[in-house]
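Next up: some structures, all given as structure tokens.
The following pair of complexes shares a single chain, subunit A, combined with subunit B in the former and subunit C in the latter.
== the complex of A and B ==
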């Protein structure tokens, strides 16, 4: 069992996305001891898969660089990647937490020289690109990955590729015998920041995500626009790798719908407005975007971004819940069918590519929490006294944009500090 | 101060040893750069390599360390040495990964590495280890300005964490806007019904808390000092003033309801039965559960809610933003009627119904279930008899509807104090309090926090929502951006954390965001200062004041350590212990400049360490090549670039200079707000220098570079190489 120093004055943060990192760093910069666990090989979460943020159109990696710098510099945070929480028991001020630490098969000697990646042949779907591209069986998750250290995919263990990786490593960083470990620790408070996952678009049958190549999701579209993405930042559609210049965005794909997610995912309107600017950025006047929507929820002061996009003659707004999508077999174009409710006109509009603005679903399904917490019918953790010292941060608490997730994480960090300060006070 | 003893450690791992002659690098470090201890290692970042360095620190007295290996962004956990000043020579991402492994390239690649060794060792010579300011002060008290829901929440949460609070409120009661409301939008599942505002409970919690001292009928008439040592004058209505000392400040000054009398098209002020949302809530509160009646005493049988009244509109005098809370508040208010009597008609006329998240959409659905009507329409006019004329956007036709009561959802106007762009600060010695100001800062740059768009005191950063431009002063609630009560409470809790953090940082002399924990701070050589005020004016955070003799006063705890003051100073008297005109200037002067006929130009690249430098690193990870003639120096912010570095570079025979900063302007991405903008401005004047030297102006180029510019950043360096080829070598090679 791994040795981890923690006490009831330690704060555990579960999830290393923007919310978890923020909560961990804000608490640590107040002088508190924090353990940050992340199940993936790198911190960064979903924001590291975004090309730009709304409404500034700045790059998430820019803020991530600052957060990584804070993380590297702060001795109060202990980061554990590839680690999952398997059990929690106890009460506020005194929780016992069980962890499962999965093997990376690469130790701290790794210099990210890349020799193992070159040596290995087998490829897998690249999670960082939502499977739009492939990566090697020995890989660095992405250019901003932290810890900056390669990972051996467990699927190659026992194969010739694993041995190739090992013998290619010049610094003896690969340990194919690395075993999973378990650990137990005591903490005073827990910040739950496991975030969200995109709603499974396959479930929205009328939109043909599983049948029509050129129907993709909004998170996939981010990867297409990103220079670190599978197309090097070119917007190429999957069926024929042709530039997609006439793009439809379908809002509330899986959200605000009793058949799928009842809630509004909040970010999708702004995300599509933002993505419409990618089309213009890449193709200039040849780029066209059509946004099919119910309500445009560009909430509060960022409505000016909505107004800016609305003033773009190449962006069309159609108030309509799209009924279904067909594929024009000769061109590969998806064809959208529905009724424009502003004036009740039926349409059958072909586009080069369709982007489904998929909703946000909490990462942890209701019932899968390791300890009882109050969760609403949508799966988000409610702020409730019965949760003791378990505080939700970011999208574990509601569908939030990055700004609000960070705000929520900062608030949660304070709530956790209140508990560990009380624990400290009791011990004199 | 102990003698300077420099250790240079050259790594041969990651292919450095294969690609470069490390013996020669060691020689360069010893002979040219005069490092005292020079060692090569096969694998510097492993335990053995690190131990070797630590041994030298412990037993050889090495106190300056130059790690000549990979980028300063890599292997940071391994290279962590206490008590020494350290820098990195980037031989991996900066040399071998951006150069082809060919015989022809070998010579220039080696020269590149040689220079980075010279630069790193030279830099350490001029660095000292930051010791932190002696003026650091620790004061746990937190001042909260504003006794509304945001301010009260911040006060209670800070006190709960163990930090005493001083809460000031300009009116005679706590509660603010929320205190005037009857119910709030629900904050708990099932999000079906309006709930108690919670204001009374908060007031009770404050009144019963010995850690919270409340000043009613009071305003701030002066705020001076810095985090850890703010001195604030609290003045009551009657004019008596007390001074308190606090460590950090939370501004929760809230909002004022938009002046509906500007909405003449909606007959506000003319028709008795046209009210604002806030007025309806006040009516409901007064009725205390009894049926709501119009001002003429008549029963209300129909209500029309006009959303976005004077909002989301570019019309003169209107607010061009959405206030975020009004759709849900109209749903709540419609329920006041529906819950009392389902027969009352309630119609919410909206263009986009904004009920976000899980709770928002549940509450909307609850409204539908209770029979509230939602009409997508654009209201054009409300007549004095309560007829609402609107375009029904679904039926695409003009229509009208008469209602007993018309409710206008008007927006939030932030109480953000004076706009310091307009109201300039008084001269030193003549400072006067201003009634319009919230904080009345005696800072040289003005009395309040600089405004973002639309008058809000918001942070400009998506990742860092609390970062104002005044260190240790955080804003929360609707003064920061429009928001509902739930968000305001969350916001206030977060702001309380930031204030506590500021207190703790100030106590130890540590910098706040974005250089969290940095102990360095600027100091200046008084005898050299010409009192030109540029540092005072250009500091993006208003950290620098002037004393009576007009010398700068740095207020270390207000400083974010970007170095913009250092870049601004025309006489170069400002420096940090580990970052100064010399740490960079001497580096660039101590490289080897081949003569004019060598066909080996030299290009100086000054790159923002947060964005451009990582972009070059990531380009290197992809093995994107750039010119071997480039010498890249990371800078804290482009704003810290002093033009002397350019002059020195050009005088020493560099052929081109490339500056890479972050995006400036309205959507600035510069983490120090104005740094990149200041740099661009200064560089626009550099042409004069070039002309004086009789050099082509193309030799200096300033760019905005994003962290994603992994192809463009190397290309910009190559462009300069091409430019130099075109205009020829600099004649200044000696």
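== the complex of A and C ==
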């Protein structure tokens, strides 16, 4: 059992995405003790898988960098990666939490020299690239990963590759006998920031994501555009690695649909508008984007971005929910079928590549919470008294963009601080 | 009518309410969000003057005559593609049949629309004796488009008919009266009553 110092004045933050990091740092910078638990080997969450952020189109590095700096500088946060919460019991001000810590097989000595990665032969689908590329069995999750430390994939333990990695390491950082651990701790409040996951596009049968190579999702498209991604930032389509210059974006793929997710995922209109700028950035006047939509929901000040994209003559807006996609076998082009509701013309439009703007759903399904929490009909955590001192931050509370996720994280940090203050009898 | 009321009449939009009250599943029409997926999904789509989503918009815009005299909803083959895909779960197929039936009852459905003609033949045939008389229905169908094409079709189909008679799947005696249920009078009374109940439910707009 691992020793972790925590009391009922400690705040536990579950999930180290932009929301969890923000909540942890806001509380820690107010002098509170925080334990930040992340199930992956690195913090950053899904933001680190974006190529650029709307609305300013900066790279995620700039937002992350400052948070990592704050994290490194703050003694009040204890970060635990590769860790999951397995049980929670108790009430506001006094929760007992069980954790499971998975072995990384690499200790603090690691200098990220990469020798182990080079020594290992076996490759696995790269989670960071949504499986679009492969990575080695000894790997750094991505360039911005924090902590900057390699990981040995547990699937190579006991194979020759594991031994190769170990002997390649010049600083003796690899410990193949590292074991998983469990831990128990007491905390006063819990901030739940486990974020979202993309809706499973395979379920949208008429769009053929499971059958047509050149139908991909919006999260995969972010990876294609990213210079650190599987294609080195070139927009190459999966079937033949040709440049995809004529790209269709299908909005509400799985959202606002009683057959799939009932809610509007809120960010995907903006995400596609943003991604249309990637097409123009990469291909100039040869890049063409067509956005098929029911209505564009770029809310308040973000509508300026919408207007900017609308003024681009190479971006076409088609007011239509696409009925179905089939594949032109000779070219590999997906062909979109439907009716343009502005004028009721039927279309059968071929494109080089189709991007499904998939919806957001909570990453932790209702039944998987370690303690009973009240969620709304879409599975997002409610701000509800029955939840005691368990507060949702970011996309575990709703489908949000980064700006709103961070606001929500700050709010949940304030709520948690009030609880631990009460526990400390400090309330005036 | 004053000039003013005439203008009001012109813009009066009670058609949506009328559809909600008098058309089967009509209360769903207002739920449509005009995404167009039903229109794009219909295998007969190109044959429609106004695909379902346009019909729903026309209802809301009060285009009563254009909707009810349209042949569009008669094109529906009940394949259910649209229902399966509609993000708002509208029972589109049923609404189409509801609209068609309503237009028919008002006597303004297009007279020569083939689906309507067939539906009427089928219903008249069935309601007479409580059983479908296949021989009479078949013959009526052959002659649906006039005498000449009727004779041509009848000759073409004759070998099939003879085979059916030979294998006792059909009796030529059906032409004279034909089989039915025991209590045809009772059936007619039930249908009459049903019609009365439906007529009483019909609201005026």
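The rule we apply is simple: the second predicted complex is superposed on the first by the 425 of 428 C-alpha atoms of A that agree within 3 Å, B and C clash if a C-alpha of one lies under 4 Å from a C-alpha of the other, contacts with A are read in each partner's own complex, and residues count from 1 in each chain.
To be clear about the criterion, a contact is a pair of C-beta atoms (placed from the backbone, for glycine too) under 8 Å apart; a residue touches a chain by one contact, two chains touch by 3 or more.
All of these numbers come straight from a predicted model, not from anything done at the bench.
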{"item": "Subunit A as common anchor, with subunit B and subunit C clashing or fitting", "value": "fit"}
{"item": "First (subunit B), second (subunit C), both or neither touched by A:308", "value": "neither"}
{"item": "First, second, both or neither for A:348, with subunit B first and subunit C second", "value": "neither"}
{"item": "Which superposed partner A:61 touches (first subunit B, second subunit C, both, neither)", "value": "first"}
{"item": "Partner chain(s) touched by A:337 [first = subunit B, second = subunit C, both, neither]", "value": "second"}
{"item": "Partner chain(s) touched by A:256 [first = subunit B, second = subunit C, both, neither]", "value": "both"}
{"item": "Partner chain in contact with A:320 - subunit B first, subunit C second, else both or neither", "value": "second"}
{"item": "Partner chain in contact with A:113 - subunit B first, subunit C second, else both or neither", "value": "first"}
{"item": "Touching partner for A:2 - first (subunit B), second (subunit C), both, neither", "value": "neither"}
{"item": "Smallest distance from any CA atom of subunit C to any CA atom of subunit B, in Å, after fitting", "value": "5"}
{"item": "Footprint overlap on subunit A, comparing subunit B with subunit C", "value": "256, 319, 341, 344"}
{"item": "Subunit B partner contacts - residues on subunit A that touch it in the complex", "value": "18, 22, 25-26, 29-31, 51, 53, 56-67, 69-70, 72-74, 108-109, 111-113, 143-144, 147-148, 170-171, 226-228, 256, 262-264, 266, 295-304, 307, 319, 341-344, 376-378, 380, 382-384, 398-400, 402-404, 406-411, 413-415, 417-418, 421, 425"}
{"item": "Touching residues on subunit A, where the partner in the complex is subunit C", "value": "206, 252, 256-259, 294, 319-324, 337-341, 344, 346"}
{"item": "Contact footprint of subunit A on subunit C as seen in their complex", "value": "33-37, 39-41, 45-46, 50-51, 53-54, 84-85, 87-89"}
{"item": "Contact set on subunit B toward subunit A in their complex", "value": "13-15, 43, 45-46, 70, 73-78, 157, 160-162, 187-191, 312, 314, 320-324, 350, 352-362, 365, 376, 393-394, 396, 453-454, 456, 458, 460-466, 481-483, 487, 490-491, 493-494, 496-498, 500-501, 504-505, 513-514, 516-517, 610-611, 614, 618, 621-622, 662-663, 667, 669, 671, 706-711"}
